[in-house]
Amino acid sequence: MGGCACSHHAVSPALERVTVVANEQVATGVGLVVFEAPRTAAEVLPGQFVHIRIAEGTSFILRRPFSVHRVRGGRIEILYQVVGVGTRALAEAGPGTVMDLVGPLGHGWEIPEGAAHALLVAGGLGAAPLGMLAEELARRGVAVTVAAGAPSEKRLLARELFEEVARRVELATDDGSCGTTGLVTGVCESLLDDEALDVVYTCGPEPMQRIVAAQAAAAGISCQVSLERLMACGIGACLSCVVPTTDGLMRACVDGPVFDAASVVWESAERVPEHSS
Amino acid sequence: MGGCACSHHAVSPALERVTVVANEQVATGVGLVVFEAPRTAAEVLPGQFVHIRIAEGTSFILRRPFSVHRVRGGRIEILYQVVGVGTRALAEAGPGTVMDLVGPLGHGWEIPEGAAHALLVAGGLGAAPLGMLAEELARRGVAVTVAAGAPSEKRLLARELFEEVARRVELATDDGSCGTTGLVTGVCESLLDDEALDVVYTCGPEPMQRIVAAQAAAAGISCQVSLERLMACGIGACLSCVVPTTDGLMRACVDGPVFDAASVVWESAERVPEHSS
Amino acid sequence: MTQSVDMSVTLAGLRLRSPVLTASGTFASGREFADFIDLERLGAVVTKGVSLEPWEGNRGPRIAETASGMLNSIGLQNPGVEAFCATDLVWLAEIEVPVIVNVSGHSADEYAAVIERLEREPGISAYEINISCPNVDAGGMAFGTACAPAERVTRACRSATSRPLIVKLSPNVTNITEIARAVESAGADAVSLINTLLGMAIDARTFRPRLARIVGGLSGPAVKPVALRMVWQVANAVDVPVIGMGGIADAEDAVEFMLAGATAVSVGTANFVDPTSAIRITDGLAEFCRARSIPRVAELTGALRT
Amino acid sequence: MTQSVDMSVTLAGLRLRSPVLTASGTFASGREFADFIDLERLGAVVTKGVSLEPWEGNRGPRIAETASGMLNSIGLQNPGVEAFCATDLVWLAEIEVPVIVNVSGHSADEYAAVIERLEREPGISAYEINISCPNVDAGGMAFGTACAPAERVTRACRSATSRPLIVKLSPNVTNITEIARAVESAGADAVSLINTLLGMAIDARTFRPRLARIVGGLSGPAVKPVALRMVWQVANAVDVPVIGMGGIADAEDAVEFMLAGATAVSVGTANFVDPTSAIRITDGLAEFCRARSIPRVAELTGALRT
């Protein structure tokens, strides 16, 4: 792939003590937490993630990985869905709560040299890592089209952000409460037809990303996917998070989470608990 | 021993959801927590304890036993020293925090028929289970003398309560910052000499209780001690908490924590982490 | 859904109204828990270990808390089988619940002798032979960590009774399936596992072991992964039913043990954390089935999708 | 007190500047941690397992979180000894820290062959022979759960090198002291323990095992009581030094392992929780000694008061 999304290159991660400044529910079962995290805010690139130690002294010991959704000044925003013990604890963390995170981590989205028009396809929580990307693309004058899907209107995420920076936003809901009734992959299909695109970026449930990747490949457009894997260390040391690629096993935490769709060897079995989105 | 401290007899324990209404530091490293706990407040007898599940989802799983220090209306008060992970968590529990407790538990202090004058000997945290007793004795018109000791004046506990209900209160501090300089056992010795006592009640570090028991025995006065043991169930089922007595092994959680000193077979080895008091 | 779930299971010929039992030594004979739960809703009460003569148990401290678990070195303190019959069994006779008596001994003969005495008593549904207690010097775990002694004890007990015989296995072994097969061949009608993992705790401040006996048995959520693995291995290795336990604290834990192959489960340490655990788990198990339209809880046994 | 503490320990002839090592497979070759800690303050870097040929490891999911612990079934994925020499060793050559290479194989000969290849490389302080990995089918734990194969592998490795040989023991055995004595008699200069406990996790919602390989190795604070017990047993059974590990998360944990008899300790899972763990523990250990006027950390080894 072409050049990298960053003016500067990815810096090495650090351990940063961060403070919750806001934490609210933004959709059914989904929260947006804002952390005062100057070091991470200054260094994080679109598509990278942070590995958060949500609580200490609990019976769950591992950190939890979350994409950085947006950066505002010295603050980072994370969109999270409550699915288990860690995210439940995160949802309970009020302003002032101090945690530590390791970040920024991973290989983020890449913006090919001279790309003029990009399609972002978000399925449910997949909107999380696409937020920073949409803003960065707009900043660089790349035309952005967004296809976002969710079970229902109330579950659509980052709608304002997308509508603010994108030239076109197409929505799809399973129940038809907003936009097209059906899957976002349907919307993607037609957008691939009637728009002149240089690159496709997608994140969401893995089966959905796989379909989008296939659609983009069929249309001859390069596609980047963001894959979730269970992660222990998050920094490349434990090999928990491997993704089979044409170049062999890669680590989602350092070689990913963003991969060139063409290089991914898709697996049948589900590798991580599916988001209920 | 004679009759029981209660107008009514000890009732069976229950699981009660209780709410913290206040929780403040009252001495160096010691807090007083007040729970809204109507059922327990109505039933607890002097010297009994409650077994509190301080937090869930933590890496420590067992309940923590605490004596009921005082009862006010539907509320119970607990004096606690911060010594480890559980009491640290307790110290952090603000008003509104909901916990559950099992109680009231154990065999409490007994007031011999016709007792006219009682001596209460408190070493540090030993003041905790003696609070309710002092009030009950006063209520029954039994003259109360209190000997209370601590490392320093700032570590003296329940002083107001004792001074309110006791006819005489003698204090001892290791550093002489208040009352006699030295151990409370010294004060006890002289009180046993110059007062006509019918019964001695003591709680505190086990070595100190053992000395008080010996002094009372020498003076020919019956003595009751309150012993701490590591407790898993708190209700008599697991046999974690046994105390060797002249009647064989007894369970501190149901046969105690209060025992007739004459029946206790004192052991050399320390059985529980010593309070730093 | 309001359709009701059949919670009964059949274990070694016993029909139990629920697959949720109590783990020996964590529930005494149930009396202390009667204030908190309806004992008659339990699949069975598994009593604390009973020996021929009274046992004093070990010196204290007898427990130590560890990360998501606890160590115990109670050492099978019990008043002996005579006192047990005179008190616990008499009390239990008033309760409509199957009683499984957990049996201990210093030798195969002693185990058999305890059973012989208990054979004279009505109201006993089965025996659970504890050949896996890590807290006694003679006997206990020694019988449970090699095939020959495990077989010997099982045979001796088998010949002493025609009541259902459950043998409780130790996890402190290289290959638990060998031991399971050995006791099965020696006549066990069921196996229960796991007993505690031998562990130790040290107080860095005092440089001393936290337990007077230095080592003790680890239980609680910390051991669940090891227990699940062993239940799965044993259920695939023997034909007799398996009673699974080790760290069960909620209904999902119970489901996991049944999926791994357990016909019934026992709740132990969780009884200390929440005295209503056994019934809370029973209700949660029924709800789990109801929510998935599983008509009989027994269908969970061995239903793991691998 | 400002008096400084001698943190050095001697292990199998190696003088280490600190008793705190990294546990194999949790620290790669240290490169990923260089952003967080000064590797040169470690007693040694123990590398991930290295085999003769490249190993693919197991399918995912490869980990599952459990109460105060985690299961892993990585399966010793590694690029093989050639690639290891060409990359990791070259990178490590720039760092002033002893390197202990963790060695894996499918047969005694393969273990020896890996060592023979590594013998050609400078900058290796010792080998740690992993005969206890529960996550590979051929070899791995199979060698570590019986005396004969453990001895065989140790002999083969011993004859391949004069560098210090550490044999890493499996906790999944009935009697770990037997295995420890066997490898000692076969020429091991030290033993390290524990490797992971074989465990399993199940997702009650999907009825599936959480690990693609079904079973995996349990590590983290949950296993500490079992690890401490085994370190204490082994330290009392062999003359060679013991490297203790299993759930060490803070300095007090490290002290406990040394009191139980460990000459050095390894930090594993804690590296995932806090990438600075190894150094945080090193500093805490020095502070622990300083606060008690213990001049040499080595004095903690075996100082348990029983």
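The letters A, B, C and D name the chains in turn, as written, and every chain counts its residues from 1.
The rule we apply is simple: a residue touches a chain if its C-beta (ideal position, glycine included) is under 8 Å from a C-beta of that chain, and two chains touch if they have at least 3 such contacts.
Note that the structure is predicted; figures quoted are calculated from it, not measured.
Colleague: Out of curiosity, which chains are bumping into both chain B and chain D?
Modeller: Neighbours common to chain B and chain D are A, C.
Colleague: If every chain is reduced to the average of its C-alpha atoms, which one ends up farthest from chain C?
Modeller: A
Colleague: Centroid of chain B to centroid of chain C, CA atoms only: how many Å?
Modeller: Each chain's C-alpha centroid was found; their separation is 36 Å.
Colleague: Once you find the CA centre of chain A and the CA centre of chain B, what distance in Å lies between them?
Modeller: About 56 Å, centre to centre.
Colleague: Would you kindly tell me how far, in whole Å, the mean C-alpha position of chain C lies from that of chain A?
Modeller: 47
Colleague: Could you say which residues in chain A touch two or more other chains, in rising order?
Modeller: 59-60
Colleague: Using the touch definition from the top, which residues of chain C touch two or more other chains?
Modeller: 67-69, 220-221
Colleague: Within their complex, state which residues of chain A touch chain B.
Modeller: Touching chain B from chain A are residues 57-60, 85, 89.
Colleague: Taking the touch rule as given, give the residues of chain C at its contact with chain D in the complex, in rising order.
Modeller: So the residues of chain C in touch with chain D come to 66-69, 71, 145-146, 172-175, 197-202, 204, 206-209, 214-215, 218, 220-226, 228-229, 232, 247, 252, 255-256, 259-260, 288, 303-306.
Colleague: Once bound in the complex, which stretches of chain B touch chain C?
Modeller: Its residues touching chain C are 12-15, 53, 59-63, 102, 229-230, 232-242, 249, 254, 267, 269, 271-273.
Colleague: Along chain C, where are the residues that touch chain B in the complex?
Modeller: So the residues of chain C touching chain B come out as 25-28, 32-33, 35-36, 56-57, 59-65, 67-70, 72, 74, 77, 203, 212, 220-221, 269, 271-276.
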